[in-house]
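Pasting the structures here.
Here chain A shows up in two complexes: once beside chain B, once beside chain C.
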Partner chain A sequence: MSETFRNRLLLLVALALAAVYLFPLYWMYITALKTGSEMFRTPPSFWPDEPQWAIFPFVFQLKGMAQFLWNSVVIASGSVALIACLGTGAAYVLARYRNVWVDVGLFLVLMLQVLPASLMITPIFVLFTLTGLLDFPRTAVVLAIAAKSMPFFIVLVRATFMSVPMELEEAALVDGNSRAGAFWSIVLPLARNGILVSAILIFMQAFGEFVYSKSLIQEIELQPSSVGLNAFMGPNTNEWNRIMAFASIYVTPILATFVLLQRRIVSGLTSGALK
Partner chain B sequence: MKQIVFSGVNKYYGAFHALKDIDLAIDKGSFVALVGPSGCGKSTLLRSLAGLEKITGGDISIAGEVVTALPPRRRDVAMVFQSYALYPHMTVEENLTYSLKVHGVSKAERKRAAGEVAATTGLSGLLHRYPRELSGGQRQRVAMSRAIIRNPKAFLFDEPLSNLDAALRVHMRKEIRALHDRLGATSVYVTHDQIEAMTMADHVVVMRAGVIEQQGRPLDLYDKPANKFVAGFIGSPAMNFIPATVEEGGRVTVDLGAGPVELAVAVAAPVGARVLIGIRPEHLTLTAPGDGRLVAAVAFTESTGFTTFVSTATTPELMVVETGRRAVASGDRVGLAFDDASVHVFDAETEQRL
Partner chain C sequence: MRRLYSSLVDGRGFDLCLIGVPLAFLIVLSGLPLVYNVVMSFQAVDMFSLGSFIRPWVGFQNYRELVAQPEFWPIMGHTATFLAASIAGQFLLGFALALFFWLDFPGASWLRGLFLVSWVMPGLVVGAVWNWLLSGDFGVFNFVLRELHVISGNVFWRSDPTFALWSVIIANIWLGTSFNMILLSVGLSSIPADLYEAAELDGAGALTRFWTITLPMMRSTIGALISLGLIFTLQQFDLFAAITSGGPNNASNVAQYWAWDLSFKQYDFAKGAAISVIMIAVVMLASVYYVRSTRHEVRG
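So, the complex of A and B:
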């Protein structure tokens, strides 16, 4: 088997896998563009006869998506801000100090990541009810997401900090800076890429978060898009094209961000985003 | 005047005793080399001086001020790291002026200072480059310049030349020494390379296992090593050691298998005491088998062109360094001549000089 033939075969396999993986996405977009009758046709059509572009502004208006998307952005930004502030400090400490307590801390952080949201929601709900936090539902969701996603952020950013040589910090100390000053002017700029990439990943996770938002937010006008989309579907739903239009409007910005930043994200995940 | 004083400095890492009662006083303006094998504590001592390691006991003072409890930034010392530790996200100019910026020096003044230092170290054309765009030698210069620009109370060097190739290392050795003389600075230089220590320093401190084995002027260490360790560490190739026993009247004889040879050294040790005779390879000369004081067979020879290293097939093996090219080959019998004045005697038990 020649080199080129093998490469072509592997490319073919990769394309086939990508097609399988991306099929639902493709189906979402074309279903949104189909008319009601075309949607239920058998055999199904793989390209809409008359693309219904008007469905996007229609659904956007009908469902008040501006408010849903705004709530998603508020919740995701709040979570990222909280996680980045607390998580960066925690990751730095876990990266720079080596002793039994740090190992125990790291173990607990990793343990937290294992617990599923659906398991955690009941105790969180009870706790937030008791403390009155449910009166501020979006804040409550931000806190819950921060608790859930912080470990992931800490693990990623810790790796980034570990790739910044200790000697650079020591040079800054000898050059006359304080520990905090050295952190701000030397370590943080060098770890910036890794932190940014981790923050973007957290943002995307939080943007699509469902379990906590669904459970903690009762008022429709405070719910994020994920919950709004869910409310669209009932036992007798047949408006698949509208649901898919909603979904398209919801995920397209996230997809676009990922495609634009994917090079940095991938390098950030693998190399600690340095150099 | 003493610029740097260590008194009774101790350092533990957990149960490991890294520095043991270090007493060392460094004159203002002198160039001191801390030398020893890896793990001897030389770097730890330097880092303790910089404030990067907290010492467990004792005191360190710089320019008359006790700095033991002060953080690095309050000690006013500059350090050149083995890896150079240049800030990768800053240009050469920003690297040079980082300390000035931290100390609140104005932008115009910083620019002027950077230009001035760069001119003396040959970095003028490189000020706007990033460290990754520089060669190893240029990075080394930036690291040096970053220290110079501050005009600190002391310069600390942590094996700054170990990442350079041999030719550049010899060149930088001279350059660092010239720089030291020009600035009239006080320098502490850590190295594992005794040649660097011997050639650059006014005062050499030999360390082993957290203890100062001997300190003094380079040639004093070479001429009168205080113990077997220093004798073997200073000088290259290393000193030859031959076991011997003290006889009647403090006489010492050595025997390499061709009959005992008496040495004209008087040893103040009891009869029967076991000693080690030390002779440097460069103090042994090859002669015809009958003319020398010792006779040996040649095991093998190595020539660098200028010098020839000859190893003998005796127990213990002896190393002889001859300048020029010698027409001896493996298996030849040769005589070895030496001057009794160049013989060192050490106690075989304590390894101390007798």
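So, the complex of A and C:
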């Protein structure tokens, strides 16, 4: 068996595996494009007879998705901005020193990373009610998400800072830079890619966040797409093509971003999660 | 004042400020709720006392009532089944895929990365898609199983009490397999190749090499991954909300969904807090193990 033949065969098997694994995604798009009667046909058709492209603008209008998506973007951007501003500094300090206090801090961060949102929402809801924060529901969600995801961001970005050679920073200090100056003009630019990838990962997570938004936001016009999708799926719904159209519009930006930046995201993720 | 400023820009104060502000933020928004949760689980909370700090202290009454509820032990059992089946499924499928993609061929790493889309998608969307795939009469999952002659009649995954929990487990396995695979791939690629060459020279077969080299070398990765799987699986909420809502009649209810359901559907915040405290204790134990098993890697 020659080398090229082996490679081709393995690639073929890999493609088949990927096709099976990603079939649910394919089914989401295909269902969206089917007519109401074709959707319930047995045996199911694996390619729509007449693709109903008009369903995307139709559902977008019908469900007021512009507002839902805008809220998702506002919540995700707010969370990422807050997390990046606060988390980057913490990650830098935790990467630069090695002593007992850093170990304690790291341990605390890792412990906070694991608290399930659906268990934390009860005390957060009551505390936010007591402090009046619930009158600003989107801000409340941003704060809750920031507290939940910042530890993950710190762990990922810390791995990036570990790979920045300390000699460069020391050289900048010798040249008369202050600590803050060296951090701002030497260390941060060198770690920029890692920070950016981690921020994108956090953005994707926050863009799909559900528990906090569902529990803290009552007003429909302030809810993000995840809550909108949940409300769309009643218990006995039969509008599956429309629901899948909603879902497609919602995830396509995330999928596109992921496929474009796949290599960087995967390597950023693997450097942080186990190291 | 000048000294304070220069310390902030150029000394100890710089580091303390960088770490202090985020730490304070986390303590206020994560630590405080955590402590308050424990306090609240010992109080009587109703809709009227929700807005005040001072509430009657009831000791362990919330916990006693919680355990006395007829659905308590079934839900705990479902949680255990959900954890065990999800982690086992994700890990075994992920390991099999990781081993396959380890056979280096052109395009392997790119295709492998593509699998991760299941993990970056919003949980609600994954739930919606699987809800439709697992639909009883028109679901394509039933169709495939029928064509493969695994089942003869349609299985009503979401509404049959025997299968409701498994419908969420299937979706959760799909969601987490890719993440397991990626991390296991990293572990596999760090095993030195000369170990295998030496074993091959000694005449060890593929299976022997797997048992005597691959598995022992992967021990810390596997340990970390299992505890990480426990942590992630206990966080899974969106799939329950999107597929079964814990029903029918609590047949697919698990602790983390029940906690939310008690607080936000039945407005029984005290019991919601009590079950949260129990589950958070479990998560904490798992994460201590996770931190310990990644310890040597944490130090870099």
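The rule is short, and it goes like this: the second predicted complex is superposed on the first by the 253 of 275 C-alpha atoms of A that agree within 3 Å, B and C clash if a C-alpha of one lies under 4 Å from a C-alpha of the other, contacts with A are read in each partner's own complex, and residues count from 1 in each chain.
Following the convention adopted for this analysis, a residue touches a chain if its C-beta (ideal position, glycine included) is under 8 Å from a C-beta of that chain, and two chains touch if they have at least 3 such contacts.
Predicted model, so just to flag it, every value in this text is computed and none were measured.
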* To do: Have a look at chain B and chain C on chain A after the superposition and call it: clash or fit.
  => fit
* Counting touched residues of chain A, say whether chain B or chain C comes out ahead. => C
* Look at A:Leu17 in the shared chain and tell me whether it touches chain B only, chain C only, both, or neither; answer first, second, both or neither. => second
* Structure fact -> Geometry row: CA centre of chain A as apex, chain B and chain C as ends, angle in degrees (steps of 10) is 90
* To do: Answer with first, second, both or neither: which of chain B and chain C does A:Ser226 touch in the superposed model?
  => second
* To do: Report for A:Leu190: first if it touches chain B alone, second if chain C alone, otherwise both or neither.
  => first
* Asked: When the two structures are overlaid on chain A, which partner does A:Met162 contact: first (chain B), second (chain C), both, or neither?
  -> second
* Which of the two partners, first being chain B and second being chain C, lies in contact with A:Gln218: first, second, both, or neither? -> neither
* To do: Report for A:Gln61: first if it touches chain B alone, second if chain C alone, otherwise both or neither.
  => neither
* Asked: Thinking of the overlay built on chain A, is A:Ser178 touched by chain B (first), by chain C (second), by both, or by neither?
  -> both
* Asked: Who does A:Ile254 touch here: chain B (first), chain C (second), both, or neither?
  -> second
* Asked: After superposition on the shared chain, which partner residues are touched by A:Glu170: those of chain B (first), chain C (second), both, or neither?
  -> first
* With the two complexes overlaid on chain A, what is the closest approach of chain B to chain C, counting only CA atoms, in Å? -> 8
* Structure fact -> Dual-contact residues of chain A, meaning touching chain B and chain C, are 178-179, 181, 275
* Residue ranges of chain A touching chain C (in the complex, touch as defined) -> 6-7, 10-11, 13-15, 17-18, 21-22, 24-25, 27-28, 31, 39-40, 42-44, 86-87, 89-90, 92-94, 96-98, 105-127, 129-130, 143-144, 146-148, 150-151, 154, 162, 178-181, 183, 201, 204, 207-211, 214-215, 225-226, 229-230, 233, 235, 240, 243-244, 247, 250-251, 254-255, 258-259, 262-263, 265-266, 269-270, 273-275
* **Residue ranges of chain A in contact with chain B within the complex** => 165, 167-168, 170-179, 181, 185-186, 189-190, 275
* **Touch list for chain B against partner chain A, complex** => 50-52, 71-73, 77-79, 81, 83, 85, 87-89, 98-99, 102-103, 132, 146, 150, 156
* **Interfacial residue positions of chain C with respect to chain A in the complex** => 8-11, 14-15, 17-19, 21-23, 25-26, 29-34, 36-37, 40, 45, 50-53, 97, 100-101, 103, 105-111, 113-118, 120-126, 128-133, 135, 137-138, 140, 143, 174, 177-178, 182-183, 186-187, 221, 224, 228, 231, 234-235, 237-238, 241-242, 245, 256-257, 259-260, 263-264, 269, 272-273, 275-276, 279-280, 283-284, 286-288, 290-291, 294, 297-300
